[in-house]
Structure formats: C-alpha cells, structure tokens
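Inspection log for the structure reproduced underneath, given as structure tokens.
Letters A, B, C, D and E mark the chains in the order given here, with residues in each chain numbered from 1 onward.
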Amino acid sequence: MLMLNDVSVRYGMYEALKDVSMNVDAGELVVLLGANGAGKSTIFRTISGLNKPAKGRIEWKGKSIAGAPASNLVKDGIGHCPEGRKLFPDMNVSENLKMGSYVIKRNKKEVAETMERVYTLFPILEEKQKASAGSLSGGQQQMLAIGRAMMSRPQLLLLDEPSIGLAPLIVEQVFDVIQEINRGGTTVLLAEQNANAALKIADRGYVIEDGNIVVEGDSEELFSNDEVRKAYIGA
Amino acid sequence: MDVLAQQLFNGLTIGSVYSLVALGLTLVYGILHVPNFAHGALYMVGGYATLMSMTLLGMPYFVAMLAAVLVVGGIGVLMERLVFNQLRDSPPIHDKIAAIGLLLFLETLIRVIWGADYRSMTTPFSENIVSLLGITVTSQRILIVVAAIIAMIVLQLFLKKTMVGASIIAMSQDREGAFLQGINANRVAMLTFFISGGLAAFAAAINAPINLVYPDMGHLVILKAFVIVIIGGMGSVPGAILGGYILGFSESLGATFISAEYSDIIAFVLLVIILTVKPQGLFAKGAH
Amino acid sequence: MLIETKDLTKAFGGLTAVDNVDVGIEKGKITAIIGPNGAGKSTLFNVISGFYPTTKGTVVFNGEDITKKRAFNVAKLGIARTFQTTNLFEQATVMDNVIVGHRLRTKSGVFDALLRTPRLKREERESREKAEEVLAFVGLTKESNRLVSDISQEAKKRAAFAVALATDPEVVFLDEPAAGINPDETDGLTNLMRKMVDHGLTVCLIEHKMQMIMEIADHIVVLNQGEKIAEGTPEEIQNNDTVIQAYLGGGEDAADAQ
Amino acid sequence: MSIFKRNATPLIFLLIALVVPFVTDNQYYLYILTLAFIWSIAVYGMNLISGYTGQLSLAHAGFFAIGAYALGLLTVDANVPYWFAFVLALVITTVAGLLIGLIALRTKTHYFAIYTLCVGYIIYLVIYQWDELTGGVRGLIGIEPPGAIGPITFDSAESNYYLVLVFLVLTIVFMKFIAESLVGRTFAAIRNSEELAQTIGINTMKQKLLSFVISAFFAGVAGALYASFVQFIGPEISYTMTMFDMLTYLIVGGIGTLYGPLVGTFLIVTLTQSLQFMEEFRMLIFGPILVLLVIFYPRGIVGGIQMWKAKRQYKKNQKLAKQASNASTYGGGD
Amino acid sequence: NGDGGESDVTEEAEGTPAPGAPGDEGGEEVEVDTEVAEGTEVVDIGFSGPLSGAGAYYGNNTLNGLTMAIEEINESGGFEVDGEMYSFNLVSLDDQYLPDETGANVRRLVQENDTPVIFVPHSGGTYATQVFNEQDEVLLASYSSEPEITQQDNDLTWRIPPTYDKYIEPFSEYQMERFGTDLAMLPPNSEFGMDWAEALAPAWEEMGGNVVHESSVDYAQDTDFYTLLTNALAEDPDVLFVGGSSEPTAQVMAQAREQGFEGGFLVMDQAKLDEIDNVLGGAPEVIEGSVGVPPLVDDVHEGNEQFISDYQDTFDADPGSEAGYHYYSVYILAEAMAAAGETEDAHAIRESLDEGLQQVDDDKHVYEVSEVDEDGGMVTELRMAVVEDGEVELVDFDD
C-alpha cells in the first residue's frame, strides 16, 4: 500500500535519509526502530508531505506522492501523529478533535461517530473536553494527539514515538490502543525507541541507523536478532 | 449638549474604526507573522475603491462597499502570493521592508490615477441628523458603530464556529499541526489576507463619509493600529477589538480632559508606557 | 560540593517545572541528571545558569550564593553550558564561534577598537589562541574555517563544547550532548567528556542514553515531574524501584532502549 | 603595502571623492554628494544597531532630528560657538539614545521595532507641537554654517563637502574597526543568538545599549552636519517617511555590511535626482524594486556581491578539496 | 553667475520643446515644460515645488498658473527686452515639500539652466534657498504669506501673495458685529494656521472679544473631527475660526452644524469658500455666516475674466488664488525684465519688479496689486467674501 524507493532527504547540506526503501501493506502494523536522530521522524515527515525528498520515489495506493502537499495526503487517507504532538494549545480538547476531522468535515455523522470512538478509547479526553490542550499533562496531550490523528479516518496512521514521556502504565495503555486501532482495520506505521513494547504488537519492523535501513524483518526475527537486542532492547 | 456623553459616543465611533483596521492587521500579524506596514495603504485603497465605485460606476453605497471589500481583499491576496509568501523564510526585517515598498507603490499609484486632492464621499446617511440623550449624531455615525460591531461579531462567529474560520486559528497556533489535519496552508494564508484587506476596505468605506478620501488617509490610522495590536496582543482578535475601543475612548476623553494638541500622541505614549512596564506586551503568553 | 542547590523551585504560571530540588555537584566528577521528558531537567539547568529567575530556593557555587545572578555573570564565574538543541552562530565559521566564546575573559572595548591599543591586540591574540587550543581539544582543528551550517551534527556538538570550553569554565553543563548522533559518535563524545574531567573540569550532563550514562556518570540524579526522586551511583539508580517505575520502566515491557 | 592592497577599492573611491571638487565646480553635484554623505553617516548609525547587532531600530530619524535641532537651537537661540554647540548636540543625542535605549531594549524583535517606531513618532510630534522651543512646523531658520577651525573656514560648497567627507571617512573607519574587533564580534554574537551570547558571558543588555547609543550618536552627527549644511530644518526630518528612506538606503546597499550604507544611500540619492523628471512615477518603480530586492537580494547590493565572491571562492575550494581528497576530519583529540 | 561663461540665454528657439538646453555641463536632462516661440531668445525660469507626494495637488496648481502665463506669452511671440524678443521656458523640479530637496533643486536649476529666477511655493523651501540665493544671484519668487520671509534682509526675495495679517482685523470686525464676541479657534496645526492663530487671538481680544477655546487641528491626518468640535462647541462660541485645505475645512464646518452650531465661521485664507461649497455639494445653510478670502471665481473683474475662463477651459477646474498669483507674476516678471533691460541680472530684475508691475496690461491684473514694496513683498488690495442669505458677497475692507 505504501512504498518508499531509494528516498533521500536533506536538511541543507546534511543528508538525513540515505536511499531508504521500505514498504507497508494494507492492515499491517509496522514498527520503525532507531536511536535518537536516526531519521525516523524524517521518514514520517517525508511520507506525510512535510518534507520534500531530494530523491527517490514514494508510492501510496499505487500513486506517486513524493513532494505532494501535506493537506492533500490527509485527504488521501494518511494520518500523521507527529513528534512533539503539534496540538493547538489554545483550543480545547473537542475543538482539537474537530480540527482533526477537517477533511471529512462535511460528513457530520462520520465525525460524530469517530469522536465517539476516540472518547471510548480515551475516556479521560471526554472528561476534559472543555479544557484547553495546553493545560493537559504530557500523557493526556499524547492521547489527544493520537485521537486527533484518528479523526480524519486515515487508512494509514503514522505514529511518531507515541509513548515518549509517558509513565510506564500509560505506555502500556497506549500500546493497547494502537493494537486496537490496527485491529479495526487501520494500517499503522509506528516509530519507537521502546523496541520491546513495540515489537510485541508489530507484525514487521525496520531498524534505521544514521539515515540507513540496516535491518528488516518480522517481529520475531528482529526480536531474536542479537544486534537489535543489544542496541535497542538491552540485555 | 452633554459633553461627556457626546465624547463617549465620539470615542465609540472612532474606536470602531480603529478596531476594524487593527483586526485586519492582527490577523496577518498573529497568523502569518507579517507586520504589514502596507495595511494602511489597503485602508486607503478601500476608501478610493468605494468612492470610485459610487462616482464612476454609479453603484449605490452598499454595493460600492461590497465591491471595495472584494477589490481590496483581492489586493491583499496578491500581496500574499507575490510578496509575503516569498519572504516566509527570510529574516524578520525583510517583510517589513517589502511592506514599506508596497505601501509606497500603492500610495503613488492612487496619486497618479486620481491625484493628491481630498475627496469627500456622500452617502444616504450623511446628512440625516439624530439627537438623543443629549448627543447629536448623523445616522452615518450610528452606521459606523453598528456596522463595525456587526462585522466583528460576524468575524468572531466565522472564526469560532466554522471549520474554515477554525483553520485560520489552528494555523496561528501550530502551523505544522494544521497542515497535518489537511489544512491547505496557501489557501488559509490567502484567505487571511483577503479578510484582512476586506476589513480595511470596510473600515474605510464606513468611515470615509465622515472624513475624506485622500492618499495619506491611512498613515496615522495604521500607526495606531500597530499600537492597538501590541496592546491587545499579536494575533488576538478580542485584543484588537478591545484595544481599538480603549484607544478610541482615551483619545476622545484625552482631548477633552488633557490636551487636544497632544491627543494624537496618546496612542504612542500609551504603548511606550505599556512596553516599558511589560516588555512582552499586555497579553503576552508565557515566555519562550 | 562545587555547586549546591537548596529547595530550588521554578514555576511557570501554574506549572512547577522544578520543585524543591536539592542537588550537589562534586568537583572533578561527572554528574548526570536523568528523568522522563518534561521532568524539569533543562529547566534546572536554566535556573542554575541564571537563564530563568528562581521562584524559590538557592544556588551556591564555590561557596558563593549565585541565585540572583544573571546568565552572563554566572558564565563569568566559571559555569558554562550547552543547549539541548544545538545553539551556535550558524552563519559564522567554527573558529569565529569559538573566539567569541572567550570574550568574557577580555576587557577591551570601543576605545581599544578605535585606537587599536596593545591590549586589544593582545586580547585578540589570546582569544584566537584559546580558540585554537579548545578546537584542538575537542578535535575540530580541521573544521575550524568552515561555516557552522556546513558541518555535521556531531561536529556541531563538539563545536558547542568548544564554545563552552572557550569561556574558561570550572564546570560545564551539557544538555543532551549525545542526542541526535549515532552510537559510534556517542563513544567519541563520551571520551571527550572523560578527557574534560581529566583536565580538571567538572561535568554535569542531561542524557536519555542510559548505556552512556551508566558508563561514565559518577553520580546520577533522577528527576520526575519536577521533583528529585532519587540519586546515587549508577548501580544504585539501576536498582532503584522508584526510578524503574517512573523512568527506566518497570515490568518487562519497558526494559528501555539504550 | 598590504593595507593598501586589501582596501584597494575603497581607497580608489576615496581618491575619486577627494578630487571631485577639482574636476567640477558644479555646486549642484557637490550639494547632492554632500547630502548623500550626510545621510550615509546616519545610515551607518542605523546599520550598527540594526545590521551588526540585529535590533531593527526605527527611531533613528528621531535621533537625526535631535542632533539637528540641538545644533540649530544652540547656535540660533543660545548663540553657543559652533563647534562647542556641535559637541553639545552630540552629547544631547547620545544621552537621548541612552535613555531611550535603556527602556526600548527591554523589548525584543517586532516589539522593539514598533516601540522604536513609536518613539520616533513621538519625537516628531514633540518637535511639531512644541513650537515655543522648536519653532514647530515653521522650523528653524538661520542656522550657522560650520564655524572655522583655525584658518579653515566652511563657507564654500567645497569646504563643506570636504568637511562632511572627513566625517564620513571617520565614520567608516570607526565602523570597520568596531566590526573587526572583539566588540564587533560581541555585537554579531547578539545578532545571531541573544541566548547563546548570554551563556558565553556577554551582558547582552549592556552591549545592545552600547551599540544603540553609538548608533544614535552617528545619527546625531549626521543631523548636526545636516542642520549646518542646509541651514534650515523643519519637523519633516523626523517624520516616519524619513525613517523609511533611511531604511531603504540601508537595505538597498546591504544591511550588516561595511559599505552597504554608503552604496545604498549614494545610489538612491543620485538615482532619485536623475529620475527627477518622473516625479510621482519614481515611487511607482522604487516600491516594486524594494520588494524585489528583499526577495532576491536580501543582503542588498554589497551583500549580493559578497555572496557572489564567496560562491566563487567556495567553488574554487571545492575543486582544490577534490584534488587533495582525504577524509578524516577529527581524531577525538589526545 | 558670470564666469561659467554661459548666459542664461542659451539658444535660438526652434519652436519645439527645448530638449534640455545644450551646453549644460553634465548634459543632464531636465524636464522642460513649455513651448517657446520661434525665433526668440529663451530665458529659463525655474520652479521647485511639491509635484509628488501629499502636496502634489497644490504644487501642480501653482505650476498651472505659471505654465498658462508662459504659454500665452510665448504664443503671442514673446516679450521684448532691449530690442530683442524673448520667450520663457519653464524648468520645473519636484521637491516633495522637503526643504533640502528644494535646496538641491535650486542649485541644480542655477547650475544647469542658469535661471535668473526660481519660483518656490512654500516657506520651508524658501528659507532653505535664502541661505544661498544671494550668493548664487538668483531671484527667489516665493509663494508664501509668511511675513518673515521678507524680513531676512535678503535682497533677492520676491514675496508674491499678500501676508495674512491684513485679513485679521476686517474679518474679526465683521463677525463680531454679526454674531457676537465669543470666539472658538480651531486652527490647522500647519505653519500657516499657527501664524493666523497667533495674530488673530490678540487682535480679537483687543477688539473686545473673548477667545473661549483654542486647540489646533490636524486637518490633514485626523481620522475624525467630532471630538475637537464637541469640546469647542461646549464653550458656546458665537464664532468659530477654522480653515485648512478646503475639503477638510468643509467637513469641520458641516460637522459643527451637525452638532448644533449656529454662529458664524471665520475662515482662514487657505480654505476657499467656493471650494467648500463645492465639497458640500451646495449647502448654503452650512456656510451661511462665513467670512473668508474671496474666491477668485467670485471676484471676477476686467483683469481676471479672461484668465478664469481660459483656466477653466484648460484645466477643467476653477483656478485658485495660487494659480492666479503665479499667472500674474509671470507677466510682472516679463515686464520687470523689460524695464530692467536685462534678463540675467537677478538684482536688476528685482529692482524693476515694481516698475514691471505697473506696466502689466490691465487685462492681466488677476488681483489688484498696488506695489512691490521695498522688501520685495507684493501689496494687494484685499476684499473679503461673506455669505449672507446663502449668497457670497464681496465686501471692500473699508466698508
């Protein structure tokens, strides 16, 4: 469904991605592992149109999308829950969620349904509907960001380190939700440093180092790969 | 005649105009971070567009007003496309300079086409005098106050209650976050400039009948609008409205109780005092 | 203790980012500060280094109360720091960046500049020599004439170290020095930090890379939601339940990266 | 020898400037050149704070006017001897710069720009309204030409030209010395990042204030020279439009460059004169040119030339680097 | 001039627009506005005024007066000086109202066109020029009613309009009689307005009146005049002193009526009653009881009939006094040159202005100027215009 072919991305002179190739099939949950600064976010930003690739091809549902503006890709079914959350701090929780449904805004029923679903997944958000996003705790903000990304009813959901800064208990909860979203039919591409937890719910994974894909395989393979264990999972 | 009541109404009138101009400025300032020094020129062009639609094309007042809003809104969009969009990543001084270039251009253009002389604009409301509660006003002045308040309410409803309006706010709060919801940045930028220009034209169209139309008419107004935007907080819609009225009232009361000569200084002194006490502005949101 | 904070508190509006924290930084040692995102680590640095005014509490450096001192004065006393997001003068060369780092140890002003006084010449020479010395120390001699915007992420980190070292500090505060660079390069930076200590400097750093922390830190302080929840040697911290709960992760799920 | 070689181009221009009065006795050319030199001194002042230190000040037409009015009032109303009045005028401008700077510099970025714009406007309004002191809108007439220095008098256009030229050269040398010294590095550090400048022990407030005060001083020098050159001043010299003119000179020439202020002022002043016949249409061209310039040559003419030179140098270096291709950038030190 | 070796008579005219006089040192092109007559020597006369920017409207009016007169003179074959026929050629430069620009322009005109006379229609430019015009030997023809410009001991200044102080007494007397003794003053904050206000207040009080309110108004920039009017009218004045440019003045007057003012207006001479009436689209009830300077078009007599109708034909607008005076002054200048027998020597021309004035044909007497006095000021016989029962009437000062 999603395919990257020899994609390179530069920030000025610095080459953050070097000939990256990968693919995600419909319904899969694929995890992207890598250290700080390895290039995970860059891959996501490039897929969702925030960065333009210097070279290479990106295909989504058979169409080339490299360089397309982010706003079109959202309409096309790619949802991105970005690093740093990027919420609208002065809007309240329900307004933030509404903004998430921008591309399906005409379909009132669908919007209401999806919002219901988000509230079921994260009951705390329903409680805090009227609180401004800026006043939420880190964990709540992360839930809101995930919820907002779901609001556009994406076929592919890009989740950039959703567990960052969350207490372990919440982390577990978030991973459960991701799994549930995936089971509901949404394809998920997930970036994580918490390899252990991620691999548990993922079908497949890629390991990225310094802008290169260095290892790929299904979850068990990666889990049992010694180097991966050593670098990202620990003893 | 009750001087105080009359002055309060005068403050309300002039405050309405200030608020409208400041609103347009604060939108582009807060959302696209463009301190548009050419905004006063848009106001001026709005005055001419209304007047010329009435005199040259024979349009009725309200139609001419609408035409002016569309024309000046369109100029705003052009400015965004051709100039400010190109300058998005350049250092902050540059868009100010470009705005000054646009200001010079627009002002000269008008002068070349229609000359530098003052023109007056008569509307069906100009001569209709109403006296109530010890104050005397023309219906044009009532129109200014009522129309401005309606325009502000409509704008606020548009921003708060419609998705398109919300997308403008969203972009002001987090640009990338907005992109990721499918909001087309270019469209929002153009829309913002359109509204901003339209508001300037609207302000000019309702105010010109009690004043005059001439190429310099925007100079002082824009300076004061900057003051208002800073007092009210950059990008804050309620702040601009409140600031506009604060200034309108302080001027009319200041001219009465302090000094008429220095009434134009009030705005600037107010700003200097505020920034002296609070360098980040009155309604600054936390430090960065 | 070289630096000691007492009841140090920093609030932003309603949010208490640093909450009654007491930490001590020992001379000639490497102290690490860890904790989840938003725990208040960077804020703690900002308060100690005079960037943010303190809400409550004191900071004592070498026996002197520096709580109320502003950033530039703190730097003059010998506390240097780097930022979490590398902060350099992008459009200048590495050398120029580092030369200005020594400015606080020079005295010449406008009149020296106009009269080209011997003092100015001497200080310009000293600044350049200092810059060369620290660039050699961090291993950037070859890059010294390139624009900062043109060098690699890792070189930028080193350049930031060099700028900090050019201020002739007694102690350096490093905010996530290894963020955004690969494991190999991380080792390089680890060695560099060790070298700094060997040269008599005191190092205090924030890091999320646990392997690295456990390897080089003499002492670890753990913050969570603005509060200090633990401190001790790497072994103690690794086995501290509270820390595992809040940061390192409990259960098998969160055996944590790196 | 090397000093001459390094500064060859400026020195050639200086030579040309020195011989101009011998080549032509056209008073008009001398007048225009003298005016252009005076304005560029003011623009150099602006460049120091706005270009080198990165704080866009829009109050400098005000400082220019303070210098001019101080000189005018001291010579006309108070009959102070010329050069004493000149020095006093500079002291007054500098003190005004210090007081305004102390408050204004607490604000940052846009706020600073608009704050100073308002300060400039207040200066204008005060000059305009306080007619007991300033003559208000009528202006000040009968300002003295520069007083004699020993045997040298300044009653001819040529002598005025040389006097202003001397001030201009001194200004440029001053700016060059400052820019290349540790002080200049300090200002540049503040421009690049105030935060970082503070961490490396720079008292940014003090340094910004220093830069601001010096820049006001130069605006004052220009104002005082202007007053005694034109011998009549009115409030319009402090108006926002004057400010915008100065800003235009700076941007066209190249903000933050050593010769930008001179190049920009000279070019626009002479261009304005030669396009006199276009009257109103001049601005129809200038406006768009200004816009295009900031879009395509953000660092003005001088900056553009520097960029072009740097690129050429870079390409050369790349070639050399390729030839001697060896990697290894650092070795962890020892 | 002199040792430049060049005379101001630079060429034999060919009947075409002269393309920047050849022989200019720089060969620099300067705009030339008028056609010269065939077979005559050409005298360049200079002009520096606001032709762009906010003052362009005013500047162009003054220029219109000049060009009209020059074209008439040239079309009629020129004027005779010392047995030779001469044409005028106008060289105009824009100074945007800025004194330093005027300084540059005047120098340029002297340098490149060697003009013996230069018209400057504002006092700032006049002051800036007075610094050096004696040295450069150029006659400064200043259109400024500021009395001070002829008190600078400048031997080469010619003040064209009457000084404003002449109006004050008769205006005051009339209004005091008709409406009463309480005066509220709203002068414009321009130079002219200040001068008027400073002269009017003491004169009014001396005549037994009270000044109940005074505050200057920025007629050019204020967004709304209501506030100031409310304060002025709160003092219940009988007479209101107003007047900047005609259009804003009209606004102020109309708004005063809106707020219930029923007294008279004492209108400063910058504003013209006819223009005010035009702006208001004919509002007799507003201008009723005004006293002001007679609009040129209401003051038709033998001397200006032709001028007014020609002007209206050419420019499709009524001439104001600035156009009228400039028109007149060109004829005076031509006669003064004839009287001096000299087209170059500014001193000689200046000395002969009064003589020239007396020689001007009766049908060119746009105004009734009796003399050019010793200081170079023109002395005009003045009348005032009053609006009584909706009609503008002219009243001689003695009446």
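As a convention for this text, contacts are C-beta pairs under 8 Å (C-beta built on N, C-alpha and C of every residue); 3 or more make two chains touch, one makes a residue touch a chain.
A quick map from chain label to UniProt name: A, C = ABC transporter ATP-binding protein; B, D = Branched-chain amino acid ABC transporter permease.
Everything numeric in this text was worked out from a predicted model, so none of it was measured.
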item	value
Partner chains shared by chain B and chain E (touch criterion as defined above)	D
Furthest chain, CA centroid comparison against chain D	A
Chain whose mean Cα position lies farthest from chain B	C
For chain A paired with chain B, centre-to-centre distance based on mean C-alpha positions, whole Å	42
Computed distance of Cα centres, chain D from chain B, in Å	33
Whole-Å gap separating chain A and chain D, where each centre is the average of the chain's CA atoms	52
Centre distance in Å when chain C and chain E are each reduced to the mean of their C-alpha atoms	74
Numbers and ranges of chain C residues touching at least 2 other chains	none
Junction residues of chain E - those touching two or more other chains	52-53, 56, 189
Multi-chain contact sites of chain B, meaning residues that touch two or more partners	108, 111, 219, 261, 264
Residues of chain C touching chain A in the complex	36-38, 149-150, 152-153, 178-183, 208-209, 211, 245-246, 249-258
For the chain D and chain B complex, residues of the former touching the latter	50, 56, 103, 106-111, 113-115, 117-119, 121-122, 125-126, 129, 240, 244, 247-248, 251, 255, 280-284, 286-291, 294-295, 298
Sites on chain B touched by chain E in the complex	1, 3, 6-7, 10-11, 13-14, 17-18, 108, 111, 115-120, 122, 129, 136-138, 141, 207, 210-212, 214-216, 219-221, 251-252, 255-256, 259-261, 263-264
Parts of chain D lying in touch with chain C, wherever the complex brings them together	174, 177-178, 181-186, 188-189, 192-193, 195-196, 198-204, 210, 214, 328-333
Complex interface listing, chain B residues touching chain D	35, 83, 86-87, 90-98, 100-109, 111-112, 219, 223, 226-227, 230, 234, 261-262, 264-265, 268-269, 271-272, 275-276, 279-281
